Every structure is written in structure tokens, then in C-alpha cells.
Amino acid sequence: MGDSAYSFSLTTFSRTGKLLQIEYALNAVSNGRCSLGIAAKDGVVIATDKKVSSTLIDVDEVQKIQSISPTSGFVYSGLGPDYRVLTRSARKNSAAYERTYGEAQPITQTVKQTASLMQEYTQSGGVRPFGCSVLAAGFDEDGEPKLFQVDPSGAYFGWRATAIGKGFVNAKSFLEKRVTSEILLEDAVHTCLLTLRESFEGEINGKNIEVGVLEKGGGFRILKEEEVNDYLNEAN
Amino acid sequence: MGDSAYSFSLTTFSRTGKLLQIEYALNAVSNGRCSLGIAAKDGVVIATDKKVSSTLIDVDEVQKIQSISPTSGFVYSGLGPDYRVLTRSARKNSAAYERTYGEAQPITQTVKQTASLMQEYTQSGGVRPFGCSVLAAGFDEDGEPKLFQVDPSGAYFGWRATAIGKGFVNAKSFLEKRVTSEILLEDAVHTCLLTLRESFEGEINGKNIEVGVLEKGGGFRILKEEEVNDYLNEAN
Amino acid sequence: MGDSAYSFSLTTFSRTGKLLQIEYALNAVSNGRCSLGIAAKDGVVIATDKKVSSTLIDVDEVQKIQSISPTSGFVYSGLGPDYRVLTRSARKNSAAYERTYGEAQPITQTVKQTASLMQEYTQSGGVRPFGCSVLAAGFDEDGEPKLFQVDPSGAYFGWRATAIGKGFVNAKSFLEKRVTSEILLEDAVHTCLLTLRESFEGEINGKNIEVGVLEKGGGFRILKEEEVNDYLNEAN
Amino acid sequence: MGDSAYSFSLTTFSRTGKLLQIEYALNAVSNGRCSLGIAAKDGVVIATDKKVSSTLIDVDEVQKIQSISPTSGFVYSGLGPDYRVLTRSARKNSAAYERTYGEAQPITQTVKQTASLMQEYTQSGGVRPFGCSVLAAGFDEDGEPKLFQVDPSGAYFGWRATAIGKGFVNAKSFLEKRVTSEILLEDAVHTCLLTLRESFEGEINGKNIEVGVLEKGGGFRILKEEEVNDYLNEAN
Amino acid sequence: MGDSAYSFSLTTFSRTGKLLQIEYALNAVSNGRCSLGIAAKDGVVIATDKKVSSTLIDVDEVQKIQSISPTSGFVYSGLGPDYRVLTRSARKNSAAYERTYGEAQPITQTVKQTASLMQEYTQSGGVRPFGCSVLAAGFDEDGEPKLFQVDPSGAYFGWRATAIGKGFVNAKSFLEKRVTSEILLEDAVHTCLLTLRESFEGEINGKNIEVGVLEKGGGFRILKEEEVNDYLNEAN
Amino acid sequence: MGDSAYSFSLTTFSRTGKLLQIEYALNAVSNGRCSLGIAAKDGVVIATDKKVSSTLIDVDEVQKIQSISPTSGFVYSGLGPDYRVLTRSARKNSAAYERTYGEAQPITQTVKQTASLMQEYTQSGGVRPFGCSVLAAGFDEDGEPKLFQVDPSGAYFGWRATAIGKGFVNAKSFLEKRVTSEILLEDAVHTCLLTLRESFEGEINGKNIEVGVLEKGGGFRILKEEEVNDYLNEAN
Amino acid sequence: MGDSAYSFSLTTFSRTGKLLQIEYALNAVSNGRCSLGIAAKDGVVIATDKKVSSTLIDVDEVQKIQSISPTSGFVYSGLGPDYRVLTRSARKNSAAYERTYGEAQPITQTVKQTASLMQEYTQSGGVRPFGCSVLAAGFDEDGEPKLFQVDPSGAYFGWRATAIGKGFVNAKSFLEKRVTSEILLEDAVHTCLLTLRESFEGEINGKNIEVGVLEKGGGFRILKEEEVNDYLNEAN
């Protein structure tokens, strides 16, 4: 039994009103490596544990944080291949927006479109939900830096700080204690790293974690290995 | 067993003539946070508990009440992502009506279209019902303020006052005692807040509840945090 | 077991030659509030119990009787949202007939079209039968007033008088004793009300029942609350 | 178990080479009221028990015998709504034939087309067989009066006399004793009525049975209530 | 159990490499009345038991042997309605061949096309195999008379003599003893009748059997009742 | 149980990573009569046991070896009707190649296309794998004679000599002992016949086996009965 | 039980958040013969065990390593026919890229496209995942030699060295000890061969293993049997 007691293929309601396939998909998220983010007053930081299972893996090629447009980025926990479907769709959508309106797509739009796609996969015939949650960093309609989390159900929320994947409960309570609404980006990056380190197996460094930063008025960029290491050294 | 005893994917009749997937979807509604509304003589108020599970959530981005047209709004209990599908469809439909007829779509039309979409998902192959109930505020053909509730089955009713989601039974009996057919909007807003407060875990305030108001002859708008707080202070 | 012992999604034959999904759908009809009708010599009356589950429901908005064309009307027992699909289709079809032939569609045509739609849903792949029976009032090809009942199987019959929904067995034997082929419309309306009252929980009045009347040579109209009350007072 | 031990939705072969859905559909036929017919030398008669379950039913509207073209007619036992699908298709097909070839479609063609439609529903995906057998009266290519029976499997035979529905076994052995190849139409009508009366619960009369007659060289017509009664009186 | 232990709807492989739906379809063939044929040096004869279940059946209308083109014919055992689908397809195909190439379609082509259609129904989604085997008589590319048997699997073989349906095993061993490669048509017809008589319940005659004959250099035709009787008398 | 314990219709992975439908299809191959082939230095021979189940079968019409193009041929073990689908497709494909490129399709291309078709049926929805393995003889891009075996999974290999169907294990070890890379066609034909004889029930001769030969620089042809007999006599 | 306890056809989530069909597909990979690769500073080597099950197999025709473009190649473990689908798609895609952009497709693009195709088969209705993992060798956007592994889930990673298929765990720990980031191609080829030999049953040689090499600034090519043997001799 155990895993063999499969629920049926379509995402249907259980007696208690739950969509089990979605709950199971959330377990796929929690099995994934931890990702987290903080929306500071002057920017957003997202970061993720990208420790790999073997020293033979070419970590330079492992890139979990993806920029969606010049001013927005995604990171995820859960199934990487499913995540790629979402980033591909978000990029296409973002670019189309920019072509049409001549300005960058607000992150709220990007997030809504991604969430709609994820909802669709919970209600259409013959498909399964996406097996990942996404953190999205970008600017809203007013140019304010924002952080969103989108789940397999298609639910999304804006967060001042949040964490997904393995150990997300501890990470969130860690963040709750340290993140205020007045936090600035530099501080936020340090808090992210501290939080990641807390649950990290072994030493964190610029090779096994990834950090993406969006500065207010600037663009989204993924920190170089050295930059991450500089932050870590600074912290010691 | 328990949840694993799934009913089959299509919404078929049980021996007693029930469509179980719809009954299960109603359980999804009852698991959601409470929403409620009152149709007063001079307007409609809808309100909802939007308390979030974490202090880190950016409550400014949580918006459960959605305006559908300048003179109508929706709120829901149940699955948020499913609700978004309904609001998207209602907005498109409402706008098309206005373009065609040069006047605002009566709320009765908006509600019928939404209910039809929900019915479709109970009879078509391979899909599941929507996991949310909707409260709709708007003007009817005669410009009278009206409040409707639409359920996953596609059933809808006009209500003088109603409540959905967690604790809806108590909320409705609370409303029954306080709402008369002569109630005015100002009073209705206060009654809504009182009812919400009754079952609320903790203190309610302009951050954790949301209130939408439609004044006769005016438009639909969501109250600002301060306005909600003013109402609450007034009540004390 | 019980309800969980679902029959399979398609409407297939049981060993005894029955289409169980249809029998279950009939149970949905019998679970619904009672509707009834009488075809008199000079007109047709249809009526229904529209008592609502809460005093907060805006009964003015509850309209179970629907006119299909200026000279025909439907009422139902069972699932309201399914009924709406049928009235929508019947209206469209009726209007198309009138546009094409320049005269009102005979009720026999309207009924056949509705019944065909219902039959289709018992034989096509992936869908369930409709969960309601319909009573239809209108004029036949010769302008004679007629009453029809259409069931989820797509079966229909002309009736001098009939009842569907909760308590339909008693209601029909009540009608059998009182309705003759010589009955006139005025008398028929009174008999309808008497029959409804028989099984009604509580006092019937113009708010909790609905009555539709088609006079020979005239049009179909739903009685106003006051008119229903007048009939009731007259009877006392 | 019992009815709940459903066979799977598609019409597949059982181990013994039987298509169970078809056998079950035949049970639906045998559950229906009896119909029968005789092909005489100078015409064909088809007749059916149309006794209704309630005295309130408007028997004038109950018409089980349907003319397909001016010179052919159908009657059935089993599910009426399924039968309507077949008559609709046969009429369309018959009319198309006449338009194309300028002469009435031979009954053999009409029967083949009907039988093909029924066969299709036993081999295509996702649909169930038709739940009725049909008796067809008409002229063959040589203008000879013919009687055919078409079953849910799509099988058809020409018969000198046959019966379907409740009590068909007794009715057929009754017919075997009375029908010779030399029988004339007048006599055939009487034999039909006698056979029907044999198994009829209660008194038969022009209201509760229906008789259709096709005279060689003439057209197909359904006897009026009085005509049926005349035949019955004549017999006494 | 028994028949209720249905194999799944699609024709899939069992553990031992068998396609059970096909084996079950073969049982449908064996349940059917016997058909047989002999390919003589100067022609082909096919014959079948067409005894009917009732003396009321109009045997003149029962025609199991069908000509496909002027120079070819089919007969079958198993499900008649399925057989009709095959003859319809074969006729269309044969006629198209003749239109295109200006000469009669060799029976090998006709058989291949029929067999391909039958194979398709064993491998496509959602359909069941055909429930009949077919014997085909015609001329090959060299004008030589040939007899083929096509089975529900789509397998076909050329035969000097073969039998299908009820009692086919005995009939085949009977034929093996009597049919040589030097047999002539006249003798073959007699052997066919003898073989049929062997297993026939009751007396065979021109009414309850059917015989089709294809003479080398001539066309395919179904023998008249008298001709069959002549053959039978000759034999006595 | 036994055969009734069907695996599900789609070809899905078992826990151990096996595609059971494919393994079952291989059992269908092993149940078929033996086929074998040898790629000699100067040509290829393929041969098969075509013993039939009855002396009445017209062995002249039994042709298991099929030429695909003037310079290539196929033989199979397993389900003949499935094999025909493959040869039809291969012929069409081969001819198209020749039309396009003005030269014969290398056997490697023919084999790849056939294998791709077979793979498709193991991964698409609603269909079953092919129930046969194929041996293909032809010339590669350099005009070298080659022998390939294609299995239901779509896997294919080039072989110096191989056998499929009943007794293929013994046949292959027999071949292993006798076939060297220096073998010449004449010798290969003899070895094939010897191998076939080894497991043959009864005496082999030109009627119950079939042999196809492709000579380097020449074309593919099926040996006549006499030629096969000559080889056999020569061997004695 | 055992293998008969099939999981359902669609790739759905188990309670623990796993997609079992993917895990089973990985077992298909582990059942396959070992493949491995090393990305050196100046090139990439991929190699595979292609030992065949019979000495009769024409090893010259067994080619597991496939070039995708002049500067990239694939090898696999698992189901060969599934692998062919992937190489076909990759080649088409690579060629289209080159036509469009006038330069070779970076291997990162080729890998992403392949991975996307594999992901699709884990989320679409009615299909199963691919039963193979792929190693891809090529140049990235900067012309640097890179090695990627793509799994049935659609996940991919860059590796300095990796192994898939039977014995991959041991092979990887063997590689971990020997491969440094400074390794050069010549050394890498030797290390590959050493690793393969470690787990090989019997003697490895140019016939039973295959080696593909991509030199920086050069093209991808499969080593000839002699070249492989030279490497092996050199090593002794």
C-alpha cells in the first residue's frame, strides 16, 4: 500500500472538500530545497539552497533563480522541470506585455498570469497540478519592490518575507523575528543568508547558494559567486 | 480510507439523487474564511475576514473583494484561485455588455452568467466544480441595490443578508435577528462588522477585514483601511 | 458504502435493463420542492412551492416559473441550475421558430426540443442526465391549452393535471379526485392552490408559492403576489 | 451487488462472446409495453399497448406509432426517448431519399439505415446502445407490404407477424397459431387486437391502444379512436 | 462473476500474449449459425444455415449471403449487424477500385481491405473488435476462383474448403475427407449441402439454407430456393 | 485470475521499470511460428515456418514473407494482422524515399521507420503495442546485405543470424554454432533450412516453409516451392 | 501482485508528493547498460557499454552514441526506442537553430529543448514518461565543452563527470576519486575506459564499448573500433 494507494488522476474534491492532488503537490514542494525572499523598502532579495547531490555536478550550470524580465525574477522549491514550464510562460507573457504597452509588466500581472496557469492545471481534465511553488520578485504598478509566493493551487500572496521548501516552517519563524517593515535591502540580503545558513547542512558559500537582488529603480540580477562570498565574509 | 475513498472524477448522481462532487465543493466553501453581505434600502455592503496565516504576509496585496464593474463587486469563501477564474469571466462579460448596450450590466445578468459557468462545470466531462461560493453586490434593472449568493452547483438566490464560509450558520442567525427590510447602508455596514467580529479570532481591524460598499446612485468601492477603522471606532 | 457506492460516470444499462443514472436523477427531482399544473378547458395553470430555507432570502428574486415565449411557461422540481440550462435552450429555440415561421412555436414543439436535449445527456459520453423534471404550459398547433411533463430520461407526456417533486404521489392522487376534463381555469387555479396547501409546511401565501397562468387566446403570465393572495382569500 | 455490479461503459465482449450492454438493452425492451404487427397480403398493421400509468395523462398526446413517410410507420417497445432519436433520423433519411430519387424510400432502405445507426452505438466509444426495439411497416422495392423488427444490436428481420415488449413470448406463440401467409389486412387487424387483448390488464379500447395501418397501394395512417373501437365492437 | 468479470474495454495483451477481446469475439462467431465454402477448380460455392428462430420470420427477407461486386460474395457467422458494416465497406471499396482501374477488384484486394478494417478495430482506442468471421468468394488476379476466411483479429487465409460458426470443427473434418484439389463446382455444391445437412437440426431445404455460387468466367449469384431444392432432390 | 488479471490499457511503467504490455506482446511473438534469417557475405536469407493448422488451407495464398521494395523483404513471428500494418507502412515509406531520392531506400532507413512506428504504439494514449517481431533483409547505404530484427518495443538490432517465434532460443544457439562471418549465401540458405527442420513438427518442404533471398547486387525474391524442395533434396 | 499492482496511467502525485511513474521510469534507466561521460578542460568524452546479448548481433550496427549536430552528441541508458524519439527531436531542433541563427546551437539549448519534451510527457494526459536518461556533450554559448545529464522527469544538470544505468553508483564514486576540474581530454578518455572496465562483465574492447569525443574547437565524433582498442592497449 502506502504510495500505491493512488488518488485518481483528475484533481477532484475529497469528502472534506480538499483537492488531494494539490495537497500532494505541496508535499513535492516541501521535499525540495529551501528558497526564501524578503521585500525590503528599497528592493527585494530572493535566495535558495542549490546544494547538489554530488561534487561532480557542474554548479556553474545550476541556476535556480531565473530572471523573467530585466526587472523581475523567480525562484522555486519542488520539481525543477515543472518550474521551467512556468518561467518559460512568464517570460513570454512579460515580453508580450512590454511590446504591447511599451513598459515593464508589473510583477502583480506576472504573478497573476503564472497563478492562472497553475489553477488551470487543477481544474482541467487529464493533467496534474504543478509540483512547485514560486517566489517572484519585481516592481508593482507604482514601482514599489514586491515579493510574491505562488503555490500549486494557483493561490498567491504578497509577503514581506517568506520561505518555501524543506524547513520552511523554521525559516519563516526565523524571518518573522528579524524582518521589520523598515528593513533595507542590504540588511535583507544578510538576513536571507543567515536564515539559509540556519538550516543548511554544511557550510554555505557562493557555490551552493544562489541570491537574486532587485534594487528599487534598478534591475534584477543574480549575484556572482564572489559577491555572495563577500556578503558571507562581511557577516563573520 | 478516509480521504482516499475518492468519488469518481465526473460529477455523477449518487443513488439518493445527490451530486457528491458538489456537496464536497460546498465543504471547501465552508472551510474558507467567512464572508457576508447585507442589501440595505440605499445600498449594499459586502465584507470578509481576510486574516492571514502569517504576520509576514503583505496584507496590502490581499484583496478578496473584487470590483467587477464600476457599479458591482464580488467577494467569496473557499478556493481563491477558483474565484479568480470567476471574476475574470464576470469582468469580461460585464464589459462586453456595457460596450454592446451602452449601459452598466444589471447585477442579475452578471450573476446569471457566473452561475451558468459554475453549472457547466458540474455537467461537463473531465472537470470538477468550482470550490467557492460568491457574494455579488450590484444594481438590478431598476437601479435597486441587490445582494446575490452563487454556489458551486450554479444555484443563486437574492438575499437581504447572508453569510458563507466558516461559521456561516451562526453568522446568518445573527444577521436574521438584526437585519430588517428597512435597514440603511450605514447601519448595514455596522451590522456586518458586528457579525464578523462575533466569530473573529482576535481583534478585527482595517487590516484583517475587507469591506466593499455600493451606494444607491453611486459606484462600488472597497473601503480604505482607515475607513474600516473609523467604522469600528464609531461602534465602540 | 451508501453514497460512496457510485455507479460509473456514463449512463449505461444495468443487468435489468435500467439506466441507473436516470433513476438517480429522478431521485434528485423527488428531493425538490413540489410543482404541479392543470390543463383546463380554457387555459393552463402551473404552480410551485417556492418556500425558501431562510427568511433572509429576497423572495422577490426567487422565480421558479419562467416564461419561455409570450404564450408558454415552464416550472420545475429538482436542481435549479440544470433547469436554467433548459429554459435558456427552450427560449432560444422558441424565438428562432417565431422568427422563421412568423408565429408562436406550438408547445408540443418546445417540449420535444427540450426532451431531445435531455435524452442526449443520457446517451452521450462523459455527461450526466439533467437533475430536474419540467412542467410546460402552452398552446398546441390548434391553439388548445396543454400541459406537459418532461423527465430526466427525455420522456414526456401530456397531462390533464400532474405533480412533480416532494410529495408528488399524494398530490397526484389529490388531483385525480378533483380534476375533470371539464374543469375551467378559475377552478383549476383554486385546485392547484388547494393541492399545494395540502402538503405545504406552514401557511401558503403569495410570497412562498408561485403561480403561472395561460388563458386560452391570451398570453402566459406569472401572478403577482397580491393576485395569489386574492385567490387564497377567496378560497377561505 | 445486484444492479450496482455494473458492466463497464463500453460495449465489450464477455468471455462467452456476448455483448452484455446489448443484452441489458434488450431487457429494457422487454420491460416496455407490448407492440406487435402483422404483414398481410394486402397491407400491414402495427399496434401497441399505450395504457398509461395515470388517468390524468392526456392520452390524446400519447402517440407511440409514428409515420416516417406517407407510406411507412414505426412503433416501439422500450425507452421512448431513445425511440424518438430513431424516428427523427429515419424521417430525415426518408425525406432525403425522396428528394433525391423522386420516389418513396423502400422500407428495406429505411430499416437498414435505422439498423446501422443502432449498430454504431454498439461499437463506438463512450456511448450506450439504444434501449428500444422498433417495428417498421412499409412497402419494399416491389410495392409489397412488409413488416420489420429492428433490435438494439442493429439486427433486423422481416416478419409475417411479430411482437416485442412485455409478454412478447406469449404474443408471438398466439400469432403463430393465427397468422397464415394468406391473411388479409382486415383479418390481420382483428388478430392484432385479439393478441393485444390477451395480455392486456383491463379492457382495451381506442384510448389505451394504438393501431397503424398500411394498405397496399395506399398510405400509412394511424386509426382514430372510433375506428379502433369499431374494430373492437365488430369482434364482440 | 462469470460474465461480470469483464476484461477491460481496450483490446490489450494478457500476460500470456493473448488479445482476449479477440478471443471472446471468436466465441461470438462460434455461437453463430454455421457457414461454409469450397473453392473448386471451376468456381466457388459458399453456403450457410439461415434457419430462423420463429416460423413467423419472413425468410425471403433473410439474406446472409451478400454479393460485394458482380463477381464476388460474402457470407458470415456471428453478429449480423457487425457483418453489415463490413459488406458496406467492401462494396464501396470494390466499386471504387473498378471505377479507378476499369476492371473488377481481385478478391485478394477485397479481402485485404476487409481484414485491415477488422485489424484496426483491435488496435484503436475505445472500440471493440468485430463479432463475426467472413467467408469471401471471388477471383484472384489471374481469374482463378478463390475462397477466403477473415477472422475478427484481421487474420485471413485462402482455403480450399472451410467452415465457421456452430459446429465448424465437425464440418471442417467432414470437408477434409471429401474435398480434393480436383473437385468441380457441381460436386462442391453437393458437398456443401451434405456438410450442412450433417449438423442441421431438422430437414434442410431451399428456405432454411442459402447458397451462393461463382462460376469461373461468370458472375456471383445466390441460388433461388428452387435451385437449392433441385440440388437437394438430386442428392437423394 | 490468470488471464483475467489484466494490466491497464495504457503501456505504463511497473514498479521495476518494465513496460508490461510490451513484455506481453513479446509473448505473442513467442507464441507465433518460428522465423529466422542469416546475413551472409554475399546476401541475406530469411525463412519461416508457415505450416498451417489445416490441410484445407490454400497454402499458395499463405505468404508470410513480403517484399517491401525490389531489394528488401520482411518476415515476422506473432500476429499476422499487426504485421500487415507494418509492411503497408514500410512499403509506402520505401516508395516515397525512392521517388524523392531516385534510389532504393537503405534497409537501415526502412528499419528505423518501422521501429519508430512500433515505439509510438508503446507511448501514445489508448493503443496497444504491435504483437509481432519483424526480420528485415536489405542493403545498407554501402550496398552491403544486412539483416535486422525489430521488436514490439521498437528496439532493433542488426544480426548476422537470428530467430524469432516458437523455439527461437534453440534456433539461435543452433545458428550460433553454424554461422560464421564468412558464410556465403548458398550455405546460409542450407543452414536456415537445417535450423528450421530441427524444431519442425513433421517433414519440411516447399509447401510448409517459405524462404526469401537477397543476393548482393541483385533483388529480393521469394523462392518457389520447387526451389525450396531442390535445396532440401540437395541437403539429403 | 508484484508487478501487477500497477499505478494508474497518468503521472499523478502520490501522497508523499512523488510522481511514481517517473520513479519507475528511473528504474528502467538503472536496468539499462552503463553510460558515462567526463567534461574535460579541452573537450568532452562520453562512453557506453554496448555489450550485446548474443554473439550473433552485428555489433557494427549497434550505435548507442548519436551525433546531434556536427559539434554535439548524445548517449543514453534505458529504453533505446524512447531514446531515438529524443535524438530525432534534438536533431531537428538543432538543425532549425542553425538555419535560423547561422551558428551551431549551444548544447545548453539542445538540452533544454530535450528536457522540456521529457517534462511534457510527465504532465500531459494519456502518455507515459520517457524510459531513458540522456548524456549530452557539446559546447556552451562561450564555446566551452560541457556535459549534461537529462532524466525522465525532465530534470537536467551540468556535470564534470557522471554515469547512468547499471552500476552508476559505483561508477560515479570511481569518477569522483579520479576526475579533477583540471583534467584533460586524453586523460578523461582513459578514465572513462577505466571506469567502464571496472564494472564490465568480461573484457572490454572496441567492439563492446562505444566512445564519443568532442575536442574544444573541433567537432563531435565517435571513435572507431581501432581507436578504442589503441586507447585500451595504451592503458595496459
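Letters are used for the chains, namely A, B, C, D, E, F and G, taken in the order the chains are written, and counting of residues starts over at 1 for each.
Note that a contact is a pair of C-beta atoms (placed from the backbone, for glycine too) under 8 Å apart; a residue touches a chain by one contact, two chains touch by 3 or more.
The chain lineup, named per UniProt: A, B, C, D, E, F, G = Proteasome alpha-type subunits domain-containing protein.
Note that this is a predicted model, so its numbers are computed, not measured.
Contact with both chain B and chain D is made by C. At the interface between chain D and chain E, under half of the residue numbers involved are used by both copies, so each side presents largely different positions. The geometric centre of chain A is 55 Å away from that of chain C, both derived from CA atoms. Taking each chain's centre as the mean of its C-alpha atoms, chain C lies 30 Å from chain D. Shown for chain F are the residues that touch two or more other chains, namely 5, 7-9, 125-126.
In the complex of the two chains, the chain D residues touching chain E come out as 5, 7-20, 39, 108, 112, 115-116, 118-119, 122-126, 146-148, 153-155, 157-162, 172, 175-176, 179. Residues of chain D that touch chain C in their complex: 2-9, 21, 24-31, 52, 54-58, 60-62, 79-82, 84-85, 88, 121, 125-129, 131.
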